[in-house]
């Protein structure tokens, strides 16, 4: 059976594409949230009707997005959560906690300057990676037993 | 993996067909109860033998139908529950509660005049839709990230 | 350990009081939703702030009430759901479905004229009672093994 | 049975004390993480031995703290997560996701300026409060059915 | 997704063949225990070595057979348990209890003279059938919505 | 915390009393079904109304008894199932299967002549005892670490 | 609610007593296996009858001991597993795996020379301690927030 | 559906190959850990960066390997755990405990001289085999009902 991997978190760089391309040829199925920022913010009101109050505007969108997120995490064997350099990214940490409580294998991807504030998240993870290439290397090793050349 | 969607509730209009047709081309598998009203009412005694008491007549049928309903909900990623304008529809609300307790993503479909009596059901849902087309639009967005044209 | 019984559903008659008084002396702990209709409808906005839109007014209240309902059902060994003669009572059916999915022992209490529309709910129940006194008699028998005098 | 409430998140103000004092007289049991910031950061190495690498220093502490956090959340009926005005607070969002995945009733407490970045967390909550007093009012209503005076 | 049906119980008549043949054309996958009586009794010692004590002879066989039974029931949507006219058949009742505790849809198949001693088993079932043809009719209705001709 | 022990099965001898008396002084809480045979058979109709059909008479009783049985097994750490020398006792085997599926520690109590037909039940048990005194000895050892004098 | 701690593993030194005494005054409940080596080995045959074959002698004992172990681990918040300097101690590693799969907080206690062969066990733990005093210090910190003097 | 079998434990002989080859033609899917000893020991640091401390070197590797192990066991219907003649093999016993807690069917494979120290592990197993050929024979019987020729 293929490894099912959910790619959660930061949506402003191409880290997902790097992982998906790097993992070409491996028996992996990837899933992810909708990464079009505007669509993700507005999906609730675009489909279900306008809200004059920004809070409910956001709320309707977050609920619709949760349909995709919940299935992505529930189906996953591995959840990769990426924290970028900017923004609050509380939804990334929320997904990490959600995945941990379900017993999913968690890989966290973030730069070293976030080590201290992410220590509780990292403590629930099986790997803390710095680059998408390391995530690919983990998947390649876990599936095929092959370590990076030169190691 | 395809989204599995169970379409529960009202059986007197063609809302299921509208959703299934609207979702053509999406990676969705639909399931639903038997929607032939007479067959659904009589299946128990038709197969397992007559009952002189109407209560047990109904009971045997409800139990046989539960075989299909339970699997439909248990297998589903998303449960859509439609409340029409007439009838008690307690089985629809029962299915909604059952799905909520299993952690399924719940979409409720009903006209605004039911908002107040359905508030507890809606509170467990990730979306409250007014039309089958909105349900289709949710599925299209959740699967493919595409919002309705013009939005 | 005491039997924990959650009394869900209709809030316009004194059926809960009849059961609680009838069960005096049994090792039972009862729980129930808030049965003050106005408080139940308005709790969300009274505590968390007004909403101009009636839908969100109701929504905030239903969410706050769910904190109590969820614990009541989750802690219960037995869930009694009462359907009265009036109103939609979809929240009662929702609670019944929720309780059934959690594997709780379900007792449904309703007049015979509701038998047909409640057949799916009754099919998930271990007892269908017509009077609060019958619910008390079930609890007395289940806890102490005593049947009603004269039976 | 008492309501068990876990108070997660921000540790730099006295919001926990305000809730605990406000809820005096209610049948509630509170739990919380260790809120001594230095002790929380250093508990791992203080007990289990120094680490020259700050990453593992943090890691050992986060793991020891997780013993308390996991039990607090697992035992809770309600998890209150407070986001303050400063810091990353990813552990708060992690706890919220963890609690949500376990089906706990979630109350989120944060100022309105965090509404947008917290929309996914709020979408999993049964209440979004702005002040500790609102959390107390929710607990009072949920336990005793009493709304704030004047409402 | 196909219905997965496990056929438990009596192994001395051809009821399984009747069901499998009758269900030809339906989207059903059947599983069953090993029905070769001698092989079933002796598999433990035949593979893992003789036991002088008949108790352990039986024990080793029952354990090996449990590997197949557990998977059959765990994978099933529906468990059919057949009680024949002879023998103790405690393993059939054990399977029924096991399936019930896992929330499987249970169909019990037995002659009317067993009604009284099987009342607790029947009370956990969604259907009590008298003939293999009735089981086929249930499956046909549940999958395709078709009732027996003439009904 | 006390060991909670549910005593299931045969109701025609005083084996339960022997175990309860023998375990005096141990930190054990016992539960059991209603053992008054007539009350157990008739509880459904005595409380909920007569049924002309013996099948539904039995059914209503079995359902009411299930309220007690389910809680007894669900709360138990250890389920003891006694098979006597007579009767079908399918409800005992059903309880054993139900308990096994829930992961309860199972002790089966039966005479050697039932070894072969009970081999699947015994294979799910942690102990097969021949006398109530052996069950007491197991409880005494498991709780206090004391073996029978002379052993 | 008290912390419930199960002390698994090595039975030839007084490490359990050191922990229990060191934790005096904390709100902790301890449980442990029977630590009388002979009683533990012989309990099966002493209670349930002799076995000529040593394999079944051991088997009956291991099954009876499992009644205590399973409850101890199932009830625990924290499982401490001690590996001593001698013997295979596979039952200790088995308990660690069992506890990990149930999501218990795991503390492993072993000398540094076992670090390499225990790396998979340690990887599932929240703390790796070298002395019983460190386990006490963890419990004291986790319950009362107090670190060892001088740290 | 195919039987999914995870082959855990000893990595210094070709027992896995013997089982896989012996089971050719059966509807079985095998999974296993990475059995290249050096890769398995060094995968953590090879991918995620060097650690000067051997403990953390091992830890990072064990965590990465756990991604594969967890999925292998979680997906499995049957877990075979092999204990060889040498080494501590605590990870094998850990996997056995982990699999047992998840309710997997467990087959243990070890020479008779390990019977006593493995008695707790064997007590959780459905079969104790001495040779890879016996494991193959179990799989053949469980899937196809065929016993070894001559038995």
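Letters A, B, C, D, E, F, G and H mark the chains as written, and numbering starts fresh at 1 in each.
Just so we're on the same page, a contact is a pair of C-beta atoms (placed from the backbone, for glycine too) under 8 Å apart; a residue touches a chain by one contact, two chains touch by 3 or more.
As the structure is a prediction and not an experimental result, all values here were calculated from the model.
Each step here moves to a touching chain, and the least such steps from chain A to chain E number 2.
Residue-numbered contact pairs of A-D overlap by over half with those of B-C, the repeat interface among B-E, B-C or A-B.
Chain centres here are Cα means. That of chain A falls 31 Å from that of chain H.
Computed from the mean C-alpha positions, the centre of chain C lies at a distance of 37 Å from the centre of chain E.
We define each chain's centre as the mean of its Cα atoms; on that basis chain E and chain F are separated by 24 Å. Under the contact definition stated at the top, the residues of chain C that touch 2 or more other chains are 63, 66, 103.
The touching residues of chain A, when paired with chain B in their complex, are 4, 29, 34-36, 39, 42-44, 46-49, 60, 63-64, 66-68, 70-71, 74-75.
Looking at the complex, you find that chain H touches chain E at residues 1, 3, 77-78, 103, 105, 107, 125-130, 134, 137-138, 141-143, 145-148, 151. Considering their complex, residues 54-55, 58-59, 61-63, 65-66, 69, 83, 87-102, 112, 114-124 of chain H touch chain G.
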